[in-house]
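The two complexes that follow have subunit A in common; it is paired with subunit B in the first and with subunit C in the second.
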Partner chain A sequence: MLIDTVIFLPLATAIVLLAIPRTAHNALKGVALAGAVATFALSLAFINLGTSVAADQNVPWIQTLWTAAYHVRVDGVRLFFILLTTLVAAVSIWGAFSYDQPERLRGYLCLLLAFETTLLGVFTAADLLLFYIYWDLMLIPVFLLLTGFSGTAEARRAAWSYLIYNGAGGLVLLLGIVALVAHTHTFEPAATLSLPARTAWWIFAAFALAFAIKTPLFPFHAWMPPTYTFAPAPVVALVSGVQSKAGLFGLLAFALPLFPQAAHAWAPVLLILATAGILYGALAAIGEQDVKTLVGFSSLSHLGLVWLALFAFDMTSVPAGILMIVSHGLIAAALFLLLGFIEERTGTRDLARFGGLAWQAPRLAVFLLIAAMAALGLPGLSGFAGEFLILIGSWQTQPVFTALALVAIVLASVYMLKLFQGTMHGPQRLGQAAPSVRDLRPRELALVAPLLAGIVFLGVWPAWLNDRTPSQVTAAAAVTRVGGVPDSPHAAHTASAARKAAAGLQMQTARRADGMVAEAGS
Partner chain B sequence: MMTDTFAQTAPFTILFLPLLGMLVIAVVGPRVHRAASAAIANLAVLGAFALTVALALDVWHRPPSDQVLTVTYPPAWAAHQQFWAHIPPLTVSFELRIDGLSLAWMLIVTGVGFLIHLYSVGYMLDSRWYRTFFAYMNLFIFAMLLLVMAGNFLWLLVGWGGVGLASYLLIGFDMHRPAAVAAARKALIMNVIGDVGIMLAMFLLFAHFGSLSYKEIFANVTAAGTPALNWIGIWLLLGAVAKSAQLPLHTWLPDAMEGPTPVSALIHAATMVTAGVYLVARAHPIYDHAPAAAQAVAVVGCATAFFAATIGCVQYDIKRVLAYSTMSQIGYMVLAVGVGAYAAGTFHFITHAFFKALLFMAAGIIIHNLGGEQDIRNMGGLARRLPFAFWAFLVGTLALCGVFPFSGFFSKDAILDQLLVLHHPVLWAFGTATAALTAYYMFRLLFMTFFTGGFRGKAQTHAGTVASMSVPVALLIGLALVGGWIVVPGHDGLTPLLRAAFADTGTMAALDHFSGIVSLAALGAGLVGFVAAYLLYERPSGLRPTLRRSLQPVRNLLANAYYVDATYHWLFEVPVLTLASDIARYLDPEAVAGGAAAVARTATAAGDAVRLWEAGYVRRYGLSMLVGVVIVLALFLYLAGGTAALGGR
Partner chain C sequence: MTAFAGVTISWPALAPILVLTGAGLLIMLVDLVSRATLRGLLYGIGILGAVGAGLTMLPLYGHSVTTLAGAFASDRFSWLFDLVLLGSLAVTLLLSSLRRAEDGGSPGAYAALLVFAAIGGMVMAGAANLMIIFLGLEQLSLALYVLAGMGYPRAASQEAALKYVLLGSLASAFLIFGSALLYGSSGGLSLDAVHAAASVPSGLFVTGLALFVVGIGFKLALAPFHSWVPDVYEGSPLAVTAFMAVAVKAASLAVLARVTYVVFGHDTSALAPLWLLAIISMLVGNVGAIRQRNLKRLLGYSSIAQVGYMVVGLAGVGPQGLSALAFYLVAYALTTLGAFAVMALLADGGEEYADLGAYPGLAARRPWPAAAMALFFFSLAGIPATAGFYGKLLLLAEGLAAGPWGLALDVTLVVGTVVSLYVYGKIVWDMYSFTEPEAVVPTGNALPSWVAVAAGALGTLVLGLAPQLFAMSQPFLSVGPR
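After this line comes the complex of A and B, so read on.
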């Protein structure tokens, strides 16, 4: 089965690596990259397998008082999480080639590949037990990569912080799942309509808390700044670019479809936290002097936008959230990898010590410019497409939070220019410490280029992605299954506009029909 | 059929030629001679210009009902129509709209754009980043064409952001100079504020019309009520104000003069900064039905015209004087489109592109020859040393001051005349008073640069005006002179070309209505300004020192541009940066991480958590209070559903 091959090929590659001598660097690199690229190439096949369900495999696993299955699936919701994972993993593994302790390269590559398999497991799991198992397995490779392969005391402290927070999140998720299974007697996320509202409210809260820690959502982000700052660049590219999306995936695939009423009940709280995080992350990024922490806080801000998208329950904003997820994954991975190249060259992440790198490294400057402009929300790049489509949707249901989020777009231009100009422009300040900074090598160019190509592609043609994400799965799940929420706020709007136009004709009664006619007529 | 194929394909070719030029330079640039990069860039823009001329002739030879083209990609017969976004109910496709209005802008953008590309071949010769410069210039032309050719607000915004990026890159072109870097940052951030304004307008447009396409919105613009249209107009105005350096988002333009002079001529005088005028003219069906918003546009334009002219009177940097002059002249255009005189605004945009590009290019020759000197106190007596630059500057000045028969006379007169015809006597009075100030600051600049005793600077002049610089300047001298003759008394050659684009506007008055009072008042005002400048700068007497002493407070106010920059600095920059650095340094590491640690400690010893807060500093208390206030405020806003304040439903 294709789906199993995609999930386990990275892990199999890691096992093959263990058979290769530690010192055969070229063989290690070649095999690791070949495995990762092959995984990406195979995952591309899912694109053309149909939009509703591209692949589905359901094997009964445990059947006692409750049932669980080895159930994996690729569908419109999961497709782009999988593609994002395989692309960013391949790029990150390539980026890890320049690891500065060659004698430990084998372990490093093995852990990255194992991490990829756990991520793919999370994004394909269609059974809650399987989902939970992969969810907690994700922690192990990241923890080991942080403790063993960064070499600094700060990184080890960050690793514990990461483990404690995310471990706690996993525990809460487990509690939620167990509470659910106690009612339904199956780990299959089936209909939960019989669930008492109060129980659903609590279970949703447990799910949301676990997902909020993983994303992270303000104020559950305390593990994020140290992890993003001290982990090696390829690891951060995967953690920020892909793993941070696991929480959002959990919302889209499980929490929202399972507990729509509870989701609506919790929406005010989550919208406030999302908006607070959007602004807080932007402000913190402006005040930050460490380039990697700065990009970390910008992620907090941008992923807050996805929470806003999901809990605005709008037909446009929810699918646009998936676009934003993919876009942010590409942008964050590109930014962290490029900042990693800069750190390798200059030995610093401190903005106060940079300046004028563009003189010596013009190609690096152009690449960083594109990534920074995408994060800034320049129209024509994917960051803008995601933000704009989210906000035009969320404006229709939540204008106040949307207006506050717009402030963060202005703030984003401040911190992204601080990052770009601080490193690349201005007088050259590194001086004797780094007499000559090399421009990007061909390997570095080639590995960041696909990410930038994706950023440009999704910026000029976001419909390509949205046509492959079934909006009925995402939006309908959250919006229409709850009574009292209008199934199409825009229809209501256009209706009100048409009503005003028809006021002279005394046709005030036929509201909805009028709107439709006006829409068709225009 | 043949012409239809041409009209369907030419817009894409025009649009993508400059983008192709940029990509070719980016890819092969480093491997070919630098002259080849310049040639590629120039040919790309020249090709776009030639095709635009052909397209314009094709369109303008059609019957009026056929003069508005909508070109979509994929073509109309293709099944898949949504090239950009497709999330029902929102669909946005890639569509271009070609009509008289966009053609006017396209002709200037590619035509004047080409002349400035040609000029740059010589001007930028000493630059280390010669190829990069031309790549950026081509990027700009592409984005600007997209802005004016777009057939819906989404692609307009993509062009809008693209010109912002090109402007940012070119202002900060000398990236080692901190002043240039800061100016570029300021320009981009202020323009993002404008982008947000346009986004807000689009949110409302989508809410009320379910579409972002000009065609669909303008066809039933009355479906939305006047209050909604007013809000849409106001948010669009925010975008226009930021891009066109109008009050109150004008402070980036004077600083943008840090960019190389050809950039100032192309982006910050002739084309990009007029995008706000284009936007209002393009959205005219909205403004026609949004009286309050239209009035706001007119007032902003009029205030900026006057305000910028006063500041221009006391500046000493040759390019900054011209920058304030640009703000002021765009103020005229915004004023015109605000009162509904769309043709007059477009007319002034055209002539202004000629004479302001000419002035900047003449200034560029001076700066080039004086080794980078821009302070007019260090110039003087240059008429003899740089006669070509002098004649060019003189023609530009006469056109800008609206002296008959130079181009500026006709276009400025058209605006002032329309103000009276449309019953705006107060705006007319300010417009005429601005004409006096214009003549004063321009002749002050001319005298101090070219006369007023001898040369005061130290820099040695070196005759280095190459043909690639003088040829475009010579052409623009001609255009600045005759460019206005398209509209003369009894013959209006411009309005018929635009009429199809404004078919839905009732107030499309012809421009050939010349009234003696308006013309004489404007010329008289100009004369007053000229005489004042002449007496103060060419007839040394006790008058100037006396005036200087008695008007010192006013001078200080003007020299500091009414302290707007300082106000913004203390009102926005300092609080935001202080808050941001407090969050990054104290709140996040201590309160969030510490707070989380405190939660953990609560499990073991509840008292420890309390101590963390009691032992804190005043700042920590302040910040935690702030966080509390923000949360309460957000709750309140959510519960109160304060949508009306934001122009929501």
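After this line comes the complex of A and C, so read on.
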């Protein structure tokens, strides 16, 4: 099966690597990259397999007190998570070639590949047990990469906060899943649930807490700054670019469809946290001197926007959230990899010590400029498309929170320009210690290029993605909406809106996307 | 079936115990002939005895027989515990065979005592009568008191033996006194008779039960009756500690579960003190493990917490809970024995590899033992794809089905597990964080230890990935006919 091949090819590649002597660096690199690129190439085949459900495989697995299945699926939502994973993973593994402890390169590449398999497992799992298993397994490669392969004491400390935070989140999720299964006796997510409202409220809270820690959502982000700052660039590219989307995926694939009423009940709290995170992340990024921490806080801000999109329960904002997820994945991966290159060359991440790099490394400057512009939401790049559609959508239902979030869009320009100008423009402050900074090597150029191409592509043609997601996601959103809590203030007007939307929804989304593109082009 | 002095005896039900007894006696005979030269043979007989006893168990699977006038039951429940006991016996003998310095210069006595201790455990697992429970417990304990001191050139081993004897006999005193009161209140020694008295509990009955639970709590090392664990675990010979951590817990859990199940049926309201003990154990065990610098002490604290988890399986007092408990016990046995096997492998008969100061950088020099150790710790912490994860899943489900106390147990289980992530993660962190080991690189590479490590690792992974192999579709565990 294609789907199993895609999931397990990285792991199989890692096992093959173990058979290669650890000193044969070129062979190790070649095999690892070949495996990752082949995974990406195979995952591209899902695009043409159909839009609603591209692949589905369901094998009974455990049939005891409860049933669980090895159930994996690729559909309109999962497709983009998978493509993002395989692309960013391939790029990160290529980026890992310049690892500074060559004698440990084999273990490093193996763990990155194993990490890719766990991520693909999370994004394909259609069974809650399978989902949880991959969810918790993600901890191990990242923990080991942080402790054993980053080489600094700070990264080893960061491994702790990563493990304890995410491990605790995982256990809360497990408690939620077990509570659900205690009612349904199956790990297969049911289409309709007859849970007592109170139970559903608690279970949704458990799911949401775990997902909030993983994203992270303010104020559960304490593990994020040290992890993003001290982990090696390829690891951060995967953690920030891909793993941070696992929580959002869990919301889209499981929590929202399973517990629509509870989601509505919790929405006010989550919207407040999301908006607080959007603003806090932006302000923290402005005050930050460490370039990687700065980008980390900008992620907090941007992913808060996705939570806003999902819990605005709007027909436009929910699919736009997916666009934003993919866009942020590409941008974060590109930024962290580029900052990693800069750190390799200069040995510092401190904005106060940079300056004038554009003079010596013009290609690096151009690439960083593109990624930074995408992050601050320049029209024509993917960041703008995602933010714009989210704000259009969420304005319909949550004008107050949307207005607050708009402030952060302005702040994004401040911190991204600060990042770019601080490193590339102005006087050269590196001093004699680093007399000349090399420009991007061909390998580095080639590995970041696909990410930037994706950013531009989604920037000019967001409908390519939006047209493929709606049927699934908007259906979920419609269920969420129509099934709103009867006594919630939204229920009355959302119900009628939902009826209207059910008809002209997909077209509306497409129109908005096209309108946006036209605007961007002018 | 034969009748003996008016009592019918089902020989197949007793066969495992008899085979093992034969092996124990044979070891003593061979030991008479030659003490030192036939060392390998002595341990080999013990291992073969365990395997032979296991083979005689095969036809018993799925049958429920009560024999010896209802005093001894052979059912699915005792079957599984016997399997765990025999497995831990075989692994312990395997690990002991390399550790010359720790058998007190008398391998025959050492091996025979281990075999007789396992027999005591198997008697406990099937005991349906207060007297038989006590007999089994004493056989297990007396053998272990001696074994704990067998590493006597080390002062710590003598200290461990002394502490174990003093506190162990105190526990036995509680247990026998409790049994006497239960007998006095119910008029019978069989658990059925005690069950009959439970419907209208008298003061005598409640006191007796409380003393009984305290006695078992000591043996199980439930907090707050756990104070002996760290010192005894640290001082005893390495393989004996492994046996204590698995076999003693398994046998005592079997008694606790059977008493709970038979005496209380589905009415768990009287068991609140037991749930409280479990909650305290989960917290004390995990928090206490944080500051340990000796791996044997750490695993001792960890075992306190793990027993607390397993008690959650009793919360609903039903077949599903017993299945959950049994699954977790098997997972715990595999991982704990595996972790001790890695220690034995690294030590290779020499100085114990228990000081955690020796673990930093292990992964760089000995990648496979380090990976196995990491796997066992991940399983103890309940990370998916390991047996420990599925065990925790089953226990959590059992707790959620068991009312407010069950919920409290579940929440404590989760909190305890988060703490344990730090405890176990710290060792993995140490092993993988440093490229330059601070201590001497261990060279141990003996085959028997590798066999034990591989068996533990394989079992942990197989049970984690294919838990359905552990037949749970039927009412998998049932305590024999009442």
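The rule we apply is simple: the second predicted complex is superposed on the first by the 468 of 522 C-alpha atoms of A that agree within 3 Å, B and C clash if a C-alpha of one lies under 4 Å from a C-alpha of the other, contacts with A are read in each partner's own complex, and residues count from 1 in each chain.
To be clear about the criterion, a residue touches a chain if its C-beta (ideal position, glycine included) is under 8 Å from a C-beta of that chain, and two chains touch if they have at least 3 such contacts.
Predicted model only: the values in this text are computed from it and were never measured.
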| item | value |
| --- | --- |
| Overlay on subunit A: subunit C relative to subunit B, clash or fit | fit |
| First (subunit B), second (subunit C), both or neither touched by A:V400 | first |
| Touching partner for A:P102 - first (subunit B), second (subunit C), both, neither | neither |
| Larger contact residue set on subunit A - subunit B or subunit C | B |
| Partner chain(s) touched by A:L65 [first = subunit B, second = subunit C, both, neither] | second |
| Touching partner for A:L174 - first (subunit B), second (subunit C), both, neither | second |
| Closest approach of subunit C to subunit B (Cα atoms, Å) | 9 |
| Contact residues common to both interfaces of subunit A (with subunit B and with subunit C) | 164 |
| Touching residues (chain side subunit A, partner subunit C) in the complex | 61-66, 101, 104, 129, 132-137, 139-140, 143-144, 147-148, 156, 159-160, 163-164, 167-168, 171-172, 174-175, 178-179, 181-182 |
| Residues on subunit C engaged by subunit A in the complex (per definition of touch) | 320, 323, 363-364, 378, 381-385, 389, 392-394, 396-397, 400-401, 410-411, 414, 417-418, 421-422, 425, 428-429, 432-433, 435, 467-468, 472-473 |
| Partner subunit A, residues of subunit B touching it in the complex | 82-90, 132, 154, 157-158, 160-162, 164-165, 172, 175-176, 178, 181, 184-185, 188-189, 192-193, 195-196, 199-200, 202-203, 206-211, 216, 219-220, 222-225, 228, 576-577, 579-585, 588-589, 592-593, 595-596, 600, 630-631, 634-635, 637-638, 641-643, 646, 648-649 |
| Residue numbers on subunit A that touch subunit B, as the complex places them | 164-165, 219, 221-222, 225, 268, 271-272, 275-276, 280, 283-289, 293, 297, 315-316, 319-320, 356, 358-359, 362, 373, 376-380, 384-385, 388-389, 391-393, 395-396, 399-404, 406, 409-414, 417, 421, 424-428, 460-463, 466-467, 471, 488, 490-491, 493-494, 496-498, 500-501, 518-519, 521-522 |
